[in-house]
Amino acid sequence: MQNRVSKRTLFGFIGPAVFGLAIVGIAPLLYAVWTSLHFFNLTKLRQVEFIGLANYWEVLTDEVFWQAMGRTFFLLGTALPLQIGLGLGIALLLHQPGLTLVKTLCRLSLVLPMATTYAVVGLLGQVMFNQKFGVVNQLMGGADINWIGDPQNAFIMIVFWDVWQWTPFVALVLLAGLTMVPGEVEEAARLETKSWWVILRYVQLPFLLPGLTAVLILRTADTLKLFDMVFTLTRGGPGAATEFISLMIQRVGFRAFDQGLASAQAVILLIITIVLAQIYIRLFYKEV
Amino acid sequence: MATIQIKGLNKFYGATQALFDVSLDIEDGEFCVFVGPSGCGKSTLLRTLAGLEAADSGSITIDGSDVTHAEPADRKISMVFQSYALYPHMSVRDNMDFGMKVNRFDEATRKERIAEAARILQLEDYLDRKPGQLSGGQRQRVAIGRAIVKNPKVFLFDEPLSNLDAKLRVQMRVELEGLHRQLGATMIYVTHDQVEAMTMADKIVVLNGGRIEQVGSPMELYHAPVSRFVAEFIGSPAMNVFEGRVTSGLTLKPSAQLVGCRPEHFELLAKGDGHIDATVRVKERLGAETLLYLDTGRAQELVARVDGDNEIEVGAEVGLGIPPARLHQFDAEGHALR
Amino acid sequence: MATIQIKGLNKFYGATQALFDVSLDIEDGEFCVFVGPSGCGKSTLLRTLAGLEAADSGSITIDGSDVTHAEPADRKISMVFQSYALYPHMSVRDNMDFGMKVNRFDEATRKERIAEAARILQLEDYLDRKPGQLSGGQRQRVAIGRAIVKNPKVFLFDEPLSNLDAKLRVQMRVELEGLHRQLGATMIYVTHDQVEAMTMADKIVVLNGGRIEQVGSPMELYHAPVSRFVAEFIGSPAMNVFEGRVTSGLTLKPSAQLVGCRPEHFELLAKGDGHIDATVRVKERLGAETLLYLDTGRAQELVARVDGDNEIEVGAEVGLGIPPARLHQFDAEGHALR
Amino acid sequence: DGHGWSLAKAAEPYAGTTVDVVFLLRPGYEAIEAMLPAFEEETGIKVNIIKHPYENALGEQVRDFVAQGDLDIALIDLVWIGNFAENEWIVPVEEIQASYPDIIDPDLDMDDFFPLVLNAFGGWNDTIYGLPFDNYSGLMFYNRCMLEEAGFDGPPETWEELKDTYGPALTKDGKYAFALQSKRNETQSADSFARVLWPFGGSFLDDEFKSNLMSEESQAGLKFRQDLMQYMPDGIVAYDHAETVNAFAQGDVAMITEWSAFYSTVVSPETSAVADCVEIAPEPMGPAGRKPALGGFSLAVAEQADDDEKAAAWLFIQWATSKANAKEYLERGGVPARQSVYQDEGLAETYKFIPALVESWQDGVPEFRPRFAEWPEITEIVQEWGTKMMLGEVTTEEGAQEIGTRMEEVLESAGYYDGDKPLAQ
Amino acid sequence: MTSTRSLFWQIVLLALVIAVCVFPFYWMVTTSLKTQVVALEAPPVWIFEPTLANYREALFDDGVLRTLINSLIIAVCTTLLALVLGVPAAFALARFEFRGKKDLWFWFITNRMVSPIVLALPFFLIARNLDLLDKHITLILIYLTFNLPIVIWIVTDQFRGIPYDLDEAARLEGASQFTIMRKICLPLAMPGVAVSAIFSFIFSWNELMFGLILTRSEAKTAPAMAVSFMEGYNLPYGKIMATSTLIVIPVLIFALIASKQLVRGLTMGAVK
């Protein structure tokens, strides 16, 4: 296929999107880069001055920043495998033939977590995980677990909600990938082996890779951006147990009002995200 | 190598029945072809044999052991799919290797068998390519190679040549026949191309609407079809079947309603000399042979097949003779009368 | 209705050249078939004619006007794709209507033309169905209908029958021929099935590796191929071509290296009576005819085509006679010698 | 009235003006909101209230002032005043008085405000900007029934006593002696960290504005908090006001030190299971005295408002904090800062917190939390390391060291150490 | 070839998935029907006398209704805008040859990765200068930064899956590229368009940070409203859950209606 169109046609199609994104996306971003090179404290706007890379230096040498970063990647490293594992399980379950009604029901209920507002998840978490009147402790046989006030438990709780909310998305993406496997190819493999694992690993997985890459990119970006749910659930506490990178940036930028520093943090975060996305694409994405 | 017994097989898809009480014996080393129109249940029967579909009743025995409820992987069969079903992300070598690897064959055996299959199928130069980089014929051979290396008791083919062009189809047909001779394995082959059926089969099974219509050797089916359906299905162009009463001078059985004659069996005579008169409407020259489309003045057009050099002109009026040995007779329900 | 002149066409895909200096004249109302092996440039030539690919040099004239740089839509041609390319979300009616609608034909004309096309193609009952609800043959007809309603000067077909099964292919072939007669339009038809080429073409263009190998009527190509390539390409099974020196008793031209004889032209004689001796290795019975695969003791196997009733046995030793009129001779480069 | 001044008349030129103000979701604000129709009717001024939780209120206002937005009135927590004043986002009261002599209520009587409260909430660098509006003092709420059951006939006098005597006696059967809201937000720095600093003689800063957290006194206070935690519920570091008040109201905790504003919650049978047992006392004393927590808000006219809006804004502030309305405000759940209203003996019967409140407003520490512009940054640091300290992730020394270093960095870059800025807090 | 036993386990697992997905939602709804006293009862009660008071209060006293309408306007408009801008761009990425295509694609996707915290303040200041604060249009525009990439990502992929033959057939008939997109490819890419519309809607509807910072009252969004009840002083759990329920219901209805398309549209095939 070969489809070279005139510049005018091409521009007619992509122009509006590029233009639109440039305005709403690039302009503020450039502004943020500009602020990151300045001492820029909202409550001290008279003292704005160019300070070069000093903010970046401060971020890069700030232990707390890297702790938050490490915590964020720890969350990613805990939640994402769970989401992929459970999502894959659910996708495989839904991919089996038969039981149409239950499966339709299941697919519909998968939509529920995805549709739930992130901030609401946090609020709901406060209600359900409350040590005293929370239903979670009740369901665990009247356990007296302090979820929100204990650093470790609070982290587990965040993982739980992240997994609850995003596993359905992963499941649906993987299910879509599974349906891309030609039926006869799957059957050819079934003639060779009884093991579902072998079929998954050698036959279905290659078809799942594009979807998995998409999941990796989106989930990584979203985890690095994760804010609403944690903000409404623990606000980063107790201590710094759930202070992920975005909460930290928000704290620096909007509570301590040091926008220069916050912008530098955010720019570094963005660079990390983009590098990771590129790595994912290089590493995992193979065209079937 | 194995014999296969199918007994009273019924298969439903939801409410629709795809197979009706199918029973069939296939000998060890036989090349058995399933033919029939689209939707008649050929694939269903094959897939039920393979275990990809569960039989609703009846039994399947391969090599003496009942496999009706066995897993596909346990039936010691290989299957070649219409779409080839190659693993798109694996090289030719890995495609062939996969089945052996997952079944933990040792390295040496695997290498050896792949080399052997590649030699037989002339795939040596392509072992490291991906299926996407192969032509249709080559893919087909890879699919067959994948089947061979398993050393199965039974090969199943579901219209393996239907995606190939005519030339390649002929070539692959010959290759498959050679393979059958070479391996001596039992092979079951689904097609709706009766040239394939005729040339390859030891035994042809004609299916119609989920039921077995006739089982026999190619020549049995060609010369002695048990029904109008089989008569018209086998042979190309199809047998001319028409009402008996339009002929003159033929002795027909009392219950014969319809008579049939293959295009290649008409004798072209002068007008009035044969059993029916007709006018040549279209002449189709195929090189080695020529087809004549003949207008009898009735709704039904007849086809005659003559030599490539035949000089008869469009518009010529001829008489068609039917040699008695070539005459087929059918009753009102389409059953052949002998 | 239109004549087509192609002059010195070259076409590159990146660095690879797909067409080499192709020149060709097609008469008004002619049915012209492009044949050739896979990858020889048939589709490329057709698509360049249609304007879907731009020519790198050379010119295309349709009906006297130079269209080399015209938009596809301005060339007054219709094209039927191998995959049909029906719009899956539109009904049959809308599929046919689409082109007229975007070209702002008035309502009455559109209705009339669709009705007319549906009548010709017997699609009246299916006008409101979606392509997904049609059989292969019906889809094919819709694709043709979509081409017809535009009332084009030229029809282009790119392997339109290759997705159909053998039976349907024969049927559609006859329908297409009828259509050609009926419309009298210039048609260009790509295929690699030479049965199609032989039966349908007024003129066959044989392409090989991006070059035109021979242009001529079917019988010209069958009887007088200009090269070994054409000789082997036209006719099924292919012409037997083998070294001249293995024969005895034939008068060959001095530069003749290779001789050829079609399977249907061998005379079966007693051993030693013909020009070559051979042993029957395989006998393939196709019903109306039988193919004999003959071992001459050399690497090359010969094929002979005999009557369906021929009684010769596998293992029999025979002599093969080549009637002088049926003998083809080629020089070392494969050019035919006359 | 006698002066010939009336609200209606003063407001006449400004009728139809709308003033925008940020309010919190707290009883004091609900009280004014309920009283508002009277004001609007009388003046024709429309007050547009934008509600935010405390945690968002500062950011919201800062952004608005930075962007020269719509807010005509600033709602100022006492720790924000330095920030607002130094950025000149708010107008000094004197300036209003000079510019708009006609709208000044002759009954304004600035001296009637508790001086401590007026200066701390509304004043910066000897200038008064805002009038105290929603006013708190730290009080001790205790459950008389639980204490009596354990054999105490009154609340502890000192923090030591609370820990050593009341703690063990009241912590049992899933009940706890005490709860100190310590969530990682302003409660950590204001309600928890600062609360143990001052009574033990500690402070955030010394006279040179260097960290004083490593001093013996500061450390004593912080260590005391660690020791006290054994008598507090688990997860106290996740306790905001709501959890703390709730635990007290459900009878799970015997004593809390909370803002006066929660009085209505703990004595209302609708929200409290222990309404009948609630008693109020001043916060316990430490080695350095009582030094109770001090907090509250003032309202000030925003510099960015146009002339009419400024006048209208002042009229509203003046009305909301007026002597005349103080009683109604109190009865509707607010806590006024007018001395006159508390002279009414009858009220102290109904509102048991009044004596303790009045007492604490006599000698509080205005810089209980430093009120300079850097507080928003510093409070974040204190919140982070204060909670880590409580969780045992760092020792009190390590935490204090960390806070000190970071705090000094902030103050350094703010220019306090090279004499650019006066050492005002 | 599924035995009864494996069928049983399948049902058990599916039921478990359904239960885990649905339970929090169920709890949210039931809590929203509790009075504050019931909501705080420990251990929590499952059977109680439901009250609609929380809804009444949220909807009519606190103005949640208004914020829901705001959210609806914003989410619908930004979704439509993202589709209008994104679908043609996706078509160009899927169908046209031009230099820098991959880079352009990646740049589009990159926008999805930018943390809203970076953009919020600059956007706030810009919007302030243009007098766009607290206006629907501001959020509609800024939400493009995460909706447009999603639309382009999913729809490009869908367009790629449509046989190119169809384009050529239409071109031969004289259809312009725009007609080809609108009449031929778009109807066939509907699953992808629907999915990207769902996601755009969900992401916009759920967005909190921009909503908090760029709106105040006129254009205040529902999530910003829900969070604004979170005063540390006395959490009205019932009311918060009632608001939450009101927020979740519309997007849920929308998502359930379109859920059929979800799997077909989510192939995410071509990352390149």
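Chains: A, B, C, D and E, in written order; residue numbering restarts at 1 for each.
In the analysis below, a contact is a pair of C-beta atoms (placed from the backbone, for glycine too) under 8 Å apart; a residue touches a chain by one contact, two chains touch by 3 or more.
Keep in mind the model is a prediction, meaning the values are calculated, not measured.
Asker: Need the graph distance between chain D and chain E over the touch network, please.
Answerer: The least step count works out to 1.
Asker: Taking a step as a move to a touching chain, how many steps at least join chain C to chain D?
Answerer: 2
Asker: Counting C-beta pairs in contact, does A-D beat A-B or the other way around?
Answerer: A-D
Asker: Could you state the distance in Å from the CA-based centre of chain C to that of chain E?
Answerer: 54
Asker: Where does chain A touch two or more other chains at once, residue-wise?
Answerer: Within chain A, residues 2, 42, 132, 254 contact more than one other chain.
Asker: Multi-chain contacts only, two chains or more: what residues does chain B have there?
Answerer: In chain B, residues 51, 71-72 touch at least two other chains, as defined above.
Asker: So which stretches of chain D touch two or more other chains?
Answerer: Residues 63, 66, 183, 185, 250.
Asker: Under the touch definition given earlier, write down the residues of chain E that touch chain A in their complex.
Answerer: 2, 7, 10-11, 13-15, 17-18, 20-22, 24-25, 27-28, 31, 39-44, 81, 84-86, 88-89, 91-93, 95-98, 104, 106, 108-123, 125-126, 141-142, 144-145, 148, 152-153, 164, 167, 177-178, 181, 202, 205-206, 208-209, 213, 222-223, 226-227, 230, 235, 237, 240-241, 244, 247-248, 251-252, 254-256, 259, 262-272
Asker: With touch defined as at the start, can you tell me which chain B residues reach chain A in the complex?
Answerer: So the residues of chain B in touch with chain A come to 47, 50-52, 71-74, 77-79, 81-83, 85-90, 98-99, 102-103, 146, 150.
Asker: Quick check on the complex: what are the chain B residues that touch chain C?
Answerer: Residues in contact with chain C: 38, 135-136, 162, 165-167, 170, 177, 192-195, 198-199, 218-219, 222, 234-237, 262-264, 282, 284-289, 305, 308.
Asker: Which residues, counting only chain D, touch chain A once they are in their complex?
Answerer: The contact residues of chain D facing chain A are 58-59, 62-63, 66, 83, 87, 183-185, 234-239, 250, 252, 373, 376-377, 380, 384, 387-388, 390-391, 393, 413-414.
Asker: Taking the complex as given, what residues does chain E use to touch chain C?
Answerer: 163, 165-166, 168-176, 179, 183-184, 187-188
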